[in-house]
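Sharing a structure here in C-alpha cells format.
Think of it as A, B, C and D in the order they're written, each chain with its own count starting at 1.
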C-alpha cells in the first residue's frame, strides 16, 4: 500500500505498547477464534472419520443418497462468494468503497443462496427418508436399504454424521451472512470503511474464507468419498 | 483392615504389588525430599528483623540436575512398567492354553458362561450362571468380556485385574488364580443406579473341585 | 503489513478452485481407479484447495510467521486425535 | 447480583458516568467481570461442597436418615435416606459443579480477567464486550446446570465424565431432562471459555505496556496465557462432544450408541482429549499465582524464571498427548496404552521442576508468613503429594488395580483441592485489597488456613488406603461388599473430617463477607509487591491507568542490592534504567 503511514492509527495496536504480532486486535482475535473453530470441526470431522473407519460394514457409496450435482453447484457458489469477498477487500484497500459495497453485497447474496440451497437439500433428503437418526421406515430410501443398494448397518451413522457436520457448517455460513449483512448496513453503507481503516471487512473476510475452507474439506469427505 | 494391598490372589499380584512398592519407594524419597525440605526452609529462613534474602535468579546446574533425575527415573519406570503391561494386557498376552470363560455384563448383573465339559466356548454344552465366577487355581483363565447396555468394569481386587466391558466390543482379559478361596467381583465403572450392587462371588477351586463343580452346575443348568 | 507485496490474481485462484472441484467430481465418479487411490487423490486435491484459500484469500502467504503458527497449531492436534481414535480398530 | 452490585458500590470510590446497570451488571470492565465471576463461582463452590457432604453422609452411615435430609423431596431422599439414584446424581453434580463452575471459573474467569490487564499494564481487555458475553454465557450455563437439580426425574447421573452410552440413552440412566440440561449447560460453558480465552490471548500478545517484554511477564500471566491457549483449543472439542451427546439424547443420532453402530469409546476419546488439557487448565493458573505469592513471601526473585516458563510450555505441549491415561482399562488398544504411559510419566518432569524451583525460591529467603504465603506453601506441599500419587496410576500395571478406586479420588482431590483450591484461597486473600480496597482479617485467615489444612489431610489422605484396599469410586453403599466392610470405620473418619472441613470453610466465607464492609482499608501496595497492579490505588479504578506505566525490569526483583527496601517494583525507574525501546510502529 502506498499510504502505509496513514493507515497506522487504525490498523495497528495502540501506540505505547510492547510489540505484539503487528496486527490489530480484531484480526488477531479472529485468527485466535479460528484456531478454536478448527478444533471444533476437528471434533466433528474426527468423529466422522473414526466412526466410518471403525464401522462394521460398508458405508453407503457416494451419490446414492446425496444429490451431488446440486451440492457441486453449491460448492461452486461458496467458492465464488469467497472470491467476491476478497474482491471487496481488494477494492477497499484501493480506496474504492463503492466497489467494495458491490462485492460485499454479492458475497452476502452468495452465502444466503448457499444456505437456501442447503435447506432445500435437507428438506429433500428428509422427504426421501434420510434423517439424523438414519433411514425412516417406509420411505423411498428404506426400499433401497431393503434391496441391498444401501448398507443397513451404517445408515444410522451416515445420517448422524452427515447432518451434524453439514448442519454446523450451515450454521456457520448463516452466522457469516448475518454478520456481513450487519456490517453492510451499519458500516459499509454509511461509509465507515476507508483505505485507512477496513478492519471489519478484513476480519469478517477471514471468517468467511475459513467457512469456505471447511466446506472444501467437507464436500470432499462427505459427498465424494 | 489392611494398611497395605490386599491378599495376592493371582500371578499378577506379585508383579503389580512389586511395581507398587517400587513406585512407593521412588515417590517416598521424593516426598521426603520435598516435604522435609519445605519444613526445613520454612523454619530456617523465616523472617528475622534486619535480614535480607539472598538475591539470586537461579542456578543452571541445579536446574539441569533436577530436570535430569526425574526424567531418567520416569523413563526407566516407564520401560519397566511397559514390560509388565505387555505381559498382562498386550495384544498377544493371553496364553494359548488359557481356559475360556465368557462374561456378559448387563445392568446390573454378571452373566458368566462356562464352556462345559469340552472346554470350548460356543458349543452346545455351554451353560450360564448368574453372578458366580468359578475358576480353577493355577491355570490361566481368559475372560471374554462383553456388555449388554452400558460400560461396566470387571474388577477382582485380589487378582489385581480390571477390565472394562464395553458394549459393541469383545475384550479378552486373562489371569491365573493362585490361592483357592472365596472372593468378590465388583463393577468398577459407574453403570447406573444399581452400580453399587453389581457384585458377584468369585470361587477359586482346586482343579478337582472345579471339575466336580462344573459337572454339577452343568447338570443343574440343563434341568 | 503491506510491504508492497504484489496482490495475487484472485480471479486466477478462483479458476484454479473451480477446475480442481471439477477434477474432484470427475475423479470421484468417472475415473476407474481403486478406492484407495481415489481416497488419496481426493484428499490431496481437497488439501490443495484448502491451502489455496488459506494462502491467498486469507493471505497467510503474506503474514509473518508468528501469525501463521497461530493458524497451524491446531492442525497437528486434530491429526493426533483422529489417528488415536482410528487406532482402536487396527488391532 | 444485587449483592455484587452493593459491595462493589462501596468499594469503588472512582467516579464515572456509566449507569448502574452498565457499571455493575452488564459491565465491560474486566475487574467487574472478574468480581462477577468470583461471586457466582464461590456460590457454586458452596453448592458443590454441599453435594459432597451428602455423599459423605451416605458413605459413612449408609441407609440412615441424614440430618436435615427431610427437606429433600421423596424422589431424592424419602425420610432423609438418600436413594441410589440420588446418590449418583450427587456424584455427577459434585464433579460437574466443582470442575466447570467452581475451580475453572475461579482460576480463569476470575483471575485471568482481573489480573491480565492489571499485570501487563493496559486499560482493559482487547474485546471488553466479548468478555462480558463470556461471563453471561457462563452464568446461563450455571443456571441451567443448577436448574437440572430440580427437574422431575433428577439431574444427570452418569458421572461428571458422562461416559456414553449410559449418558446417551435415557433408558439406561433413568434421567431424561437432567441429562439433556447437562449437555446444554456444558455447551454454554464451552462458549464462555472460548470467548474468554480468545480475549486473554489477544490481550497478552498485543496490549502489553511498553517495556513489558515476554520474559518480564509475571509467571501468573504466563500460566494464564498458556491456560488460555489450552482452553481455546480444548473447549471446542468438549462443546462438539456435548452437542453430539445432546443429539444422541434428543434427535436420535447414533454417535455413541453401539447398538446402532456408534462407538462407546469415541466419547471417552473426545472427552479426555478435552479433559486432559482441562486438568492443566485447572492447575496451571494456580501454579502461576503461587509463583507470584511465593516470591513475594520469600522476598526473593523466583528461582529459575526461565525454566519455570519452559516448564509451563512443556506441560501444555505434553498435555495434548496424554489423554489416553484415563482410558488404560477401557479396552483401548494396548499399544496406544504404552505410548500414553510414557508421555504421562514424562509430564511429571516439568511438574517436578516447578516444585524444586519453588523450593529454590524459599531457600535462603526471608520468609513472611502472611495468609497467602501459608496457602502457597501448603499448595507446594499438597501438590507434591498429588503429583507423586499420579505416578502410580501412570504406571499401567498398577493402574489396573487402582483405576476407578478411591486412590484416584485421593489423587485428584490432592491436586484440585490441595493444589488449586489452596492456591485460590491464597490468591483471593492476596488480591482482595486490589479488588475491594479492603484487607481480609489476618487472624481469621490463619485460623481458616490451619483448620483447612488439618481437616483436608484427614479427609483425603485415608482415601489412599481405601483405594489400596480396592474400594471402588461412585458406589452408593460400600457395606454391600464383604471385603470393604472392615474399612467402614475409615469411611466414618473421612466423613467426619469432611464435615469439619466444610464447616471450616464457613470461616472463610464469613471473613470474606465481613471484610467487604468492615475490613481494614487497604494501602496501595500492602504486600510490598512488584507487579504493575500495585501502582494503582486500592481498589483499582475504572480504566486502570490514565497513562499506562512503563516497565523497567522483571516482576521478581525482591531484595535487590540496588535499593534499600526489599522490593523493586517493575514500574519504578531507577537512575540507571533506560527507557525501553518503543515498539516500531509503522513500515517495519
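We adopt the following convention: contacts are C-beta pairs under 8 Å (C-beta built on N, C-alpha and C of every residue); 3 or more make two chains touch, one makes a residue touch a chain.
Bear in mind that the values here come from a model prediction, so they are computed numbers and not experimental data.
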Per contact tally, chains sharing the most pairs are B-D
Between the Cα centroids of chain A and chain B the separation in whole angstrom comes to 48
When centres are defined as mean Cα positions, the distance from chain A to chain C in whole Å is 15
Note: chain D sits from chain B at a C-alpha centroid distance in Å of 31
Cα centre of chain B to Cα centre of chain C, whole Å, reads 45
Shared-interface residues of chain C (touching two or more other chains) are 73-74, 77, 81, 85, 88, 91
Expected list for chain A, residues touching two or more other chains, is 4, 21-23, 28, 32, 35-36, 39, 42-43, 46, 50, 54
Among chain D residues, those touching two or more other chains are 233, 237, 262-263, 265-266, 269, 334-335
Chains touch in the following pairs A-C, A-D, B-D, C-D
Chain C contacts chain A in the complex at 1-2, 4, 7, 10-11, 13-14, 17-18, 21, 24-25, 27-29, 38-39, 42-43, 45-46, 49-50, 53-54, 56-58, 63-64, 66-67, 70-71, 73-75, 77-78, 81-82, 85-86, 88-89
Residue set of chain A touching chain D in the complex reads 4-5, 8, 12-26, 28-29, 32-33, 35-37, 39-44, 46-47, 50-51, 54-57, 132-134, 153-154, 156-157, 159-161, 163-164, 168
Chain A contacts chain C in the complex at 1, 4, 11, 21-23, 28, 31-32, 34-36, 38-39, 42-43, 45-46, 49-50, 53-54, 62-63, 68, 72, 75-76, 79-80, 82-83, 85-87, 90, 93, 205-206, 209-210, 212-213, 216-217, 219-221, 224-225
So, in the complex, the side of chain C touching chain D is made of residues 73-74, 77, 80-81, 84-85, 87-88, 90-91
Residue positions on chain D within touch of chain C in the complex are 229, 233, 237, 263, 265-266, 269, 273, 320-321, 324, 332-336
